[in-house]
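Structures incoming, each one as structure tokens.
Both complexes shown next keep chain A, but they swap its partner, so chain B is in the first and chain C is in the second.
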Partner chain A sequence: MSGLPQEAPTTVPGRAEGPEPSDRADTAPEAARLAPGATGAAARVTAAAPETTAAAPEMTYVYAVGRDPAALEELAARTPGVDGGPLRAVRDGELVALVSSVPAGSFDEGGLHAQLEDLARLEALARAHHAVVDAAFAAATVLPMRLATVYLDDSRAREVLVREAARLGRLLDLLDGQVELGLKVYADAAAARRPAAAPTAAGPGRAYLQRRRTEQRQSRDLYREAAQLAEEAARLADSLARARVVHRPQQGELAATRAENIANEAYLVPAGSAAAFRDRLTALAADTPGVFVEVTGPWAPYSFTDSPVPEATGGPR
Partner chain B sequence: MSDSFAGRLPSPSRATPATSQQGSSANLADILERVLDKGVVIAGDIQINLLDIELLTIKLRLLIASVDKAKEMGIDWWEHDPSLSSRASRERPGSVRSANGAEALSSREESGSASLREENDRLRAELDRLRAESGAQPATATADEEGTR
Partner chain C sequence: MTSVHPAPGDRPAAHPAAGPPVALIDLLDRLLQGGAVLTGDLVLSIADVDLVHIDLRAVIRSLDADNPGPW
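Now for the complex of A and B:
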């Protein structure tokens, strides 16, 4: 690790202020006394001592991997990571990982567990993670890591780049120039309800039953129409996309909208076709009251990093 | 519509870069289903396969949290849906007319037929009462009705 020059400024900040053993003796006399010779290894020890007392130990959080060092390093300089920590690029060969340092205390197993169980904290983490991925995706082809991919330090993260180089490289090839678009179909019973016809039945009881029957029929019709439209949307989307992944319908949306999420899918689309995809899919439900289509994205290809996907469709290599 | 419960949660006010395509406005549910469920999985030094195990818990909590929020805002129709609440079937009578648009959504097959049966019973009772007042003879139906009450 000490043999890798580009990480020295970030992982060993003490060096910048006191490269001379005599300087360091002011702030950490014991460490200086223990390692007066300052060989490579000893220097590492002396530099680490003030770091652990001045700041909590840190680990390396990985957001995304790409292959365009210039773009990603430029991005790292102007983009904050989790909790505002500065990003940096860890490189091995042609692969570049976007990482930031996170406190070891809150990102070890117990700390992560606690964070993920806290909804507000989970949201902050997820948004910060996504913000980095999204910015990187805007700058270069990248593979988004799953939330909370954490290594003990940069050298451990770099080992993964080495170990997984073939797989990551192949994925980057396959996903180059592609974007992910989300496709959701909703049924909204309130929007679908036609004004009730004046009851034809005599008496309040029959009229009431009649109204209830009408409501139930309308509801049944709505769900049938929504299901049909979802199928139609999937066919159209398939014809415009290279790959498709089915997500679970979003029940968490319950509270925010009366509409029910009927279908929730993701499509891998050439970047140039994204606008057409959006236009054609959203237009699909224009004539169906109570049913509508939402297209989200473009997203970094989160849903297509499992790899079996695009090879079957024979994409350009 | 595309807005979610995300807007009701405390969210970080961190500015996202201008190049961001989704930005901070992206729906939290959309983000979570990607960053938690998808993305490249590589073993980290910190074993997070607890994610797989905890995912259900997290999702449940997401649902509960948003439901609580919605309740505070007076949106509570799922209380009447047996698939979402065990209280639903019992509290049903009388709430029928107050359902405003939410009714059709919650009336999936089971709750729909159950509530319809209850309404039927109530209407039949009313019918019998009216018949009795006007001098008709609904003897057996009335007896049945009183038996079920």
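Now for the complex of A and C:
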């Protein structure tokens, strides 16, 4: 992981002024659409506020949902959540949500915007979220929640378990015994560069041009080879996986490598095939200088929480 | 940003491949786009969060443009 430059956090919040009005404009109809029933999400917050103002107001942050109460309750007793807050298990029947309390002020709309736009804070939040999800994933089949899934209190979170029980159960069935693996293909021009032949041209100007042309040709070759290898890798990975999701190629300071990310994908793979997936995919680029394959994971199935397995066999979605 | 690693959990080594610490960028790929979205009585509408994510992506890209890597 790379650090961002020190000045990054200060350049980030500056953007807040710009998009603000359009955020507001978009929010209201969206909230109304997403919160079924007569009251929108904002109205619910207002309505419940008097109950929670007595002490320091807190809300319920949900990390993951699973179906193994014994394992998840045991885990909750020994795992910290965001900012070290103790975890608890919110239950309805066999469904369990792993949650912790977070300060309402930091996780209401304004607080959450501020947190997610401060990259140091975002990292702390993401790592705390992931630590809980990953521990739960080691203990049971779980459905990871998106970052910063926050309910007014435990009873609201439990209501969702009740209402969504059928869907959650179906997703957990599909994810049972599966892990997510990340597959990334890179092109590294520096590693691909063959030692330059001694210039045959006379004079420094001609030698320079000759060298430039050689570098350009090598670069074109490298990207062509990397693209071919990425296709080959996707075919092989598909044959070993139940489902596939394509992420954006990684770029920017956080990408932390001199190589260029050509492909960035996630595959849902039976846990028993994970080692073979890793071995076969990483071996694929062994004979292609300047191109390499990285397999990450096993991850909790973050990328497969919508409908993890398409109707037919696991092809591209 | 000095990278702070809150201990990635004191879970026992139940995973077949408990490797090096997870790269933040791999984590953000998953936590900002993946993860189940349960609505119901959610405090925040998902739309709010998605807007933040779009800003964040733009920020990451603009940092890249302003501060190209050393290569």
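Here, the second predicted complex is superposed on the first by the 252 of 317 C-alpha atoms of A that agree within 3 Å, B and C clash if a C-alpha of one lies under 4 Å from a C-alpha of the other, contacts with A are read in each partner's own complex, and residues count from 1 in each chain.
One rule holds for everything that comes next: contacts are C-beta pairs under 8 Å (C-beta built on N, C-alpha and C of every residue); 3 or more make two chains touch, one makes a residue touch a chain.
Because the structure is a prediction, the values reported are computed rather than measured.
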Touching partner for A:A275 - first (chain B), second (chain C), both, neither: second
Which of chain B and chain C A:A128 touches, first, second, both or neither: both
Partner chain in contact with A:Y208 - chain B first, chain C second, else both or neither: first
Partner chain in contact with A:V160 - chain B first, chain C second, else both or neither: both
Partner chain(s) touched by A:Y267 [first = chain B, second = chain C, both, neither]: neither
Touching partner for A:Y302 - first (chain B), second (chain C), both, neither: both
First (chain B), second (chain C), both or neither touched by A:F292: first
Which of chain B and chain C A:R78 touches, first, second, both or neither: both
Set intersection of chain A contacts, chain C complex versus chain B complex: 59, 62, 65, 78-79, 107-109, 112-113, 116-117, 119-120, 122-124, 126-131, 134-135, 138-139, 143-152, 156, 160, 164, 171, 182, 190, 245, 247-248, 250-256, 258, 264, 296-299, 302-303, 305
Complex contact set, residues of chain A against chain C: 1, 3-6, 8-9, 11-12, 15, 19, 23, 26-27, 30-31, 34-36, 40-42, 44-45, 59, 62, 65, 78-79, 107-109, 112-113, 116-117, 119-120, 122-124, 126-132, 134-135, 138-139, 143-152, 156-157, 159-160, 163-164, 171, 180, 182, 190, 245, 247-248, 250-256, 258, 264, 266, 271, 274-275, 278, 296-299, 302-306
List of chain A residues in touch with chain B within their complex: 59, 62, 65, 78-80, 84, 107-109, 112-113, 116-117, 119-120, 122-124, 126-131, 133-135, 137-139, 143-152, 156, 160, 164, 168, 171, 182, 186, 189-190, 193, 205, 208-209, 212, 215-216, 218-219, 222, 245, 247-248, 250-260, 264, 292, 294, 296-299, 302-303, 305
Of all residues in chain C, those that touch chain A in their complex: 1-12, 14-17, 21-49, 51-53, 55-56, 58-61, 63-64, 66-67, 69-71
Partner chain A, residues of chain B touching it in the complex: 1-12, 14, 16-17, 19-24, 26-42, 44-48, 50-51, 54, 57-59, 61-63, 65-67, 69-70, 75, 78, 96, 101-105, 107, 112, 116, 119-120, 123, 126-127
